[in-house]
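Take a look at the structures listed below.
Next come two complexes built around chain A: one with chain B, the other with chain C.
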Partner chain A sequence: MVTLFVALAVGAVLFGIGLYGALSQTNLVMIMMGVELMLGAAMVNLVAFWRFLHPEVYAGQMFVLIVMTVMALEMAVGFGIATGRFRAKGSVEMEEARELKG
Partner chain B sequence: MMLAALTILGPLAAAAMILLLRRVPEAFALAGSAAGLVGAGFAFAGVSGGARYGATLPGLPGLPLRLVVEPLTATFAALIAVVGFLVMVYAVGYMTGEVGRVRFYAQMSFFMAAMQTLVHANDWVLLLAAWELIGFSSYLLISFHLGRPDAASGATRAFLYTRSADLGLYVAVFVLVAKTGTSQIPASLEVGGAAAVVAGLLLLLTAAGKSAQVPFYGWLQDAMAGPTPVSALLHSAALVAAGAILLIRVYPLLSPGVLLAVGLLGGLTALVAGLAALAQRDLKRLLAASTSNQYGFMLVALGAGVPFAAIAYLVAHAAMKSSLFLGAGIFQQARGSTRLADLGGVAREQRWAFLGFAVAGLALAGIPPLSGFWSKDAVLAASLAGRFAWLFVPLALAGTLVTGAYIALALKSLWQGEGQGSSVSGMGWMGTGLAGLVVLAVALGLALPPLARLLAAEPPQGMVVATLGTLFGAAGLVLGWLVPAERLLGPLRGPAESGFRVGGGFYDLVARPAFSVARAADTLDRGIHARVLGVGRLGLAVAGAAGNFDEKGIDGLIAALVGGTRWLGARARTLQSGLVHKELLLAVAGGALIFALLTIGLF
Partner chain C sequence: MAQAVFTGSFGVAAIWFGVVVFRTSSMVRSALALLFSQAAIGGMFLAMETEFLGVLQIMMMATEMAIMAIFMVMYMMDPGGLSEMDMTHQKRASLAAGVLGAFGALAVALLAGWGPVEVQVPAATAQVHDLGIEIMERSMLIFETTGVTILTAMIAATAIAIQRRH
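Let's look at the complex of A and B:
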C-alpha cells in the first residue's frame, strides 16, 4: 500500500540524487539530468500532496502540468546551449567554461 | 531787443571766432567789444526812455534762465562795455609782440561776456553760472604768463580765495530758493526774517571774497601777476566789481543788522587796505591794495543805506582805477618792471601817460571837480545821513586820508628820479584807451545827477562832508608827498607790509589746521584701508580653509566611498567564478539558508 510517506520518501531520494548529480557532474548534459531529476522529485511531491491530502482540488494537477512545461523548456534551452557550445569548442565540460566570470 | 542782446553775444561771438580762426585776434576782440558797447548803449538809451527788456532762455526743466534789462543792470552793463572796450583798445598796444595773443583775446572777450551775463541775470541759477565763469576766466587771465611761478601761484590763490568765499553764495542761494520756491532774484529779495539775515551775511561773505575785503584782500595783490589790461578790467568793472554789484542788487534783502556788518567791513577795509597800500614797494600791488580800499567805500555807502552812492562810486571808481592801471602798464612797458624803485623818473619820459595817471589819482583822492570828488561826496554824505554815522564817517574819512597819502606816494615815486628816454611800442593804442578812460574819470561827475534820475534815487549831498572829504584827501596828498611812507606808517609799518596778518594769517589760521585735519584724515583713512585689507585677508583665509575642507574633506570622503565600493565590488566579483556548478552550489547554499530561516520561524 502506497502511503503519503512512501511517496514523499521517493521524492526526497530523487531530489537528493538530482542535487548530487547537478553539483558533482562537470558535463553540461549530466548537470541538466540532475536538474531534471530534482524537477521530477518536485512533481512527485506535488502529485502525492494532491492525491493524499486534497483529491477534490485540481489546482495540484495544473501545477504538475506547468512544471512539466518548464522541464521541456529547460531541456530545449539547455540542449540548445550545449549543442552551440559543442560546435564552438568541441566540448561541453563546464570546468573549461569561464566566460561568464565576473 | 536784439541789439541789447549784443551786449552779451558780441564778446561771446568774438571769443568763439578767435578760438576758431586763430587769426587777427585783436580785430575780433575789438569788434566784439565794440558790438557789446553798441548793444549796451542801445539798451541804456532804451531804458532811459522808459523801456524794459527781459528774456527767458530755456534752461533746466522748471528752472528757466532769465535775463533782464532795467536801469540798474543797464547801468552796470554800459559801465562794463565802455571800460571793457577802452581796455581792449589799450590791450592791442600793450600786447604787441606777446606770445599767446590768441589765448589772451579769447579769454578777455569771454570774460566780458560772462561778466555781462552776470549783471543781466535775473535768476539765481544763471547768476551762479556766470559767477563761476568770471572766476574761471579770471583764473585763466591771471595765469596768462604760464611760465612764471608767481603767475601760477597768484592765480591759484585768487581762485582758492574767491572759491572759498563763493560757498557763501551757494548756501545763500539755497536758503533763498528753499524759502521762496522760485529762483527769480526779485521774488527772493522779499524774504524777511532769519532767512534774510542768514542769506545776507552769506552774501556779504561772498562779496567780501570777490571784492577783496577784510579778511580776504590778500589775493588781489598776488593777482597782479597777470597782464596789466587784465588787472585794469578785473579791478574796475569785472571780477572785483562783481562782489559790490551783487550786494547792490540784493540790497532790499539786507536787514539793518546785516547792513551794519556790511558798512563796518567796508570801513575797516578802507582803512586797513589803505595802510597796506602805503607799505607796498610795487606800483601794481599798491594799486591792488587801493582797489580793496576803494571797494570798502562802496560797502560803507551800502551799509549806510544809500545804494545809489555805492553805484555812483562803483562807476566813478571803474574809470579812475582802470586809468591808473593803464598808466601803470605804460610805465611798466617803459621800464620792464613795476617796482617803485625801478620806476623812479619814468614820469619825465612818459609825460602824457603820467598826466593821465596823475589826474586819475587826484580823482581817486577826491579832489574837485573830478568824478571822484562827487562820488566820494555822495558816500560821505550817505554815511553822515544814515544810521551809525559816528562809526562810518570817521572810518570813511580815515580811508580818504590814506587814499590821498598812497596816491601821493605813487606820484612822488614816479616823478622823482632821472628820465632814461625809453620808448614804448604800441603807444598809439595804449594812449587812446588811457585817454578815453581819463576823460571819463574827469567828467563822470556830470553824469551822476542824470544817473540818479534814471535809478529814481536821491543823490545824497552835503557841503560840510564835501569840504571835509576834500580837506582829508588833500591833507593825505600833502602828507604823502612830504613825509616818507615809512615815517608815515610808524609802528604800523611791519604789519602793513605783511598785510595785517592776524595770528600768522591764513597760513596759520586756515592752512595749517586744514593740513593737520587732512593728515589726521589720511591716517584714519590708512587705518580704515588696513582694516579693509584685514577683512579681505580674513575672507581669503576662510575661503582657503573652506577650499581645503572641500578638497581634502568632502572630496576625500567621496573618494573613500568610491574606493570602498570598488573594493567591495572587487571582492564580490571573485564570487562569480563563471563555473556553473559553483554557481549552483551558491544557489543551493542560499536556498538552504532561506529554508533554515523559514524553519527557525523568523516568519
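Let's look at the complex of A and C:
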C-alpha cells in the first residue's frame, strides 16, 4: 500500500509541475515540455494502478503504451507547428501568436 | 519496503529534474533535465516490477529528448541561456494552478478507497507474453487505431512543416 501511495504522490507532484510549466512558459517547445511532464505523471499513475490493483488485467499496460504514443505524436505535431511558425514569423514565442494560421 | 524506497527515490529524482526543467535558463539543460526526469519515471516502472514498460520508457524518452534538444538549439533565440531572458508569463496564476492541481490529485490519492493491494505480480517474461496477447486479441482495434493515428500525425506534421509554394 505504501508504494502505491508513493507512486500516486509522485504522479500528483509531477502533474502540478507540468501544469505550472505548460501555463507559465511563453515558448512553444517549453509548453510541450510541461505537457510531457503531465503525461509522464499519468503514466506513473497507470503503472501503479496496474501493478498494485489489477496486475491480471493487461489493459492497464496497454493504456501506458497509448500514452507513450500520444507523447510521441504530441512532439511530432508540435514540432511541425513550431517549424511552420518559425518559417512564417521567425520565432516560436507564443506571446506573439494570436492565431495558428501561417 | 525496499520497493517503496526505490520507487520513492526514483520519484524524488523525477520531481527534482522536473523542477530543473523550468528553473534553468539554458534550453539545452532544460531538455536534458526532462530526459533525466522521464528516465527516472522509467526507473520507477522498473522498481514497480514493470520491466518492459520501464525499458521502453527509458529508450523512447532518450530518443525523444535528444530530438527535442536539437529543435531547441534550432528555434530558440537564446538556447544557451547566456542572456538570462525571461520566457515566462502569468507566473503567479500558473503556480496557483500547479499547486491546486497537485494538491487535488494528492487528496484523491489519499482519500480514495483503493481496495486490497496485490502483492504478487506476473514474472517479466509472462508480462511481455500476456501484453502481446492483449495487443493481438482484446485490444487489437485500439492497437490498429493507434497505428493509423501515428501515420495521420506523421502526414499532418510534415504537411504543416513543409515550405509552401506561392
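The rule is short, and it goes like this: the second predicted complex is superposed on the first by the 97 of 102 C-alpha atoms of A that agree within 3 Å, B and C clash if a C-alpha of one lies under 4 Å from a C-alpha of the other, contacts with A are read in each partner's own complex, and residues count from 1 in each chain.
Here is the rule we go by: a residue touches a chain if its C-beta (ideal position, glycine included) is under 8 Å from a C-beta of that chain, and two chains touch if they have at least 3 such contacts.
None of the values given here were measured: they were computed from a predicted structure.
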Q. So, on chain A, is it clash or fit between chain B and chain C?
A. fit
Q: Scan A:97 for contacts with chain B and chain C and give back first, second, both or neither.
A: first
**Q.** First (chain B), second (chain C), both or neither touched by A:25
**A.** both
**Q.** Winner by number of chain A residues touched, once chain B and chain C are compared
**A.** C
Q) Between chain B (first) and chain C (second), which does A:17 come into contact with in this model arrangement: first, second, both, or neither? A) second
Q. In whole Å, how close do chain B and chain C get at the C-alpha level once superposed?
A. 8
Q) Once the two structures are fitted together, what part of chain A is touched by chain B and by chain C alike? A) 19, 23-26, 95
Q. Along chain C, where are the residues that touch chain A in the complex?
A. 1, 3-4, 7-8, 11-12, 14-15, 18-19, 21-22, 27, 30-31, 34, 37-38, 41, 44-45, 48-50, 52-53, 56-57, 60, 64, 67-68, 71-72, 74-77, 87-91, 93-95, 97-99, 101-106, 109-110, 114-115, 117-118, 120-122, 127, 130-131, 133-135, 138-139, 142-143, 146, 149-150, 153-154, 156-161, 163
Q: Provide the residue numbers of chain A that touch chain B in the complex, in ascending order.
A: 19, 22-26, 28, 31, 94-95, 97-102
Q: Quick one: which bits of chain B touch chain A in the complex? Just the residue numbers, please.
A: 572-573, 575-581, 584-585, 588
Q | In the complex, chain A residues that touch chain C | A | 1-21, 23-27, 29-30, 32-34, 36-37, 40, 43-44, 47-48, 50-56, 58-59, 61-62, 64-66, 68-69, 71-73, 75-77, 79-84, 86-87, 91-93, 95
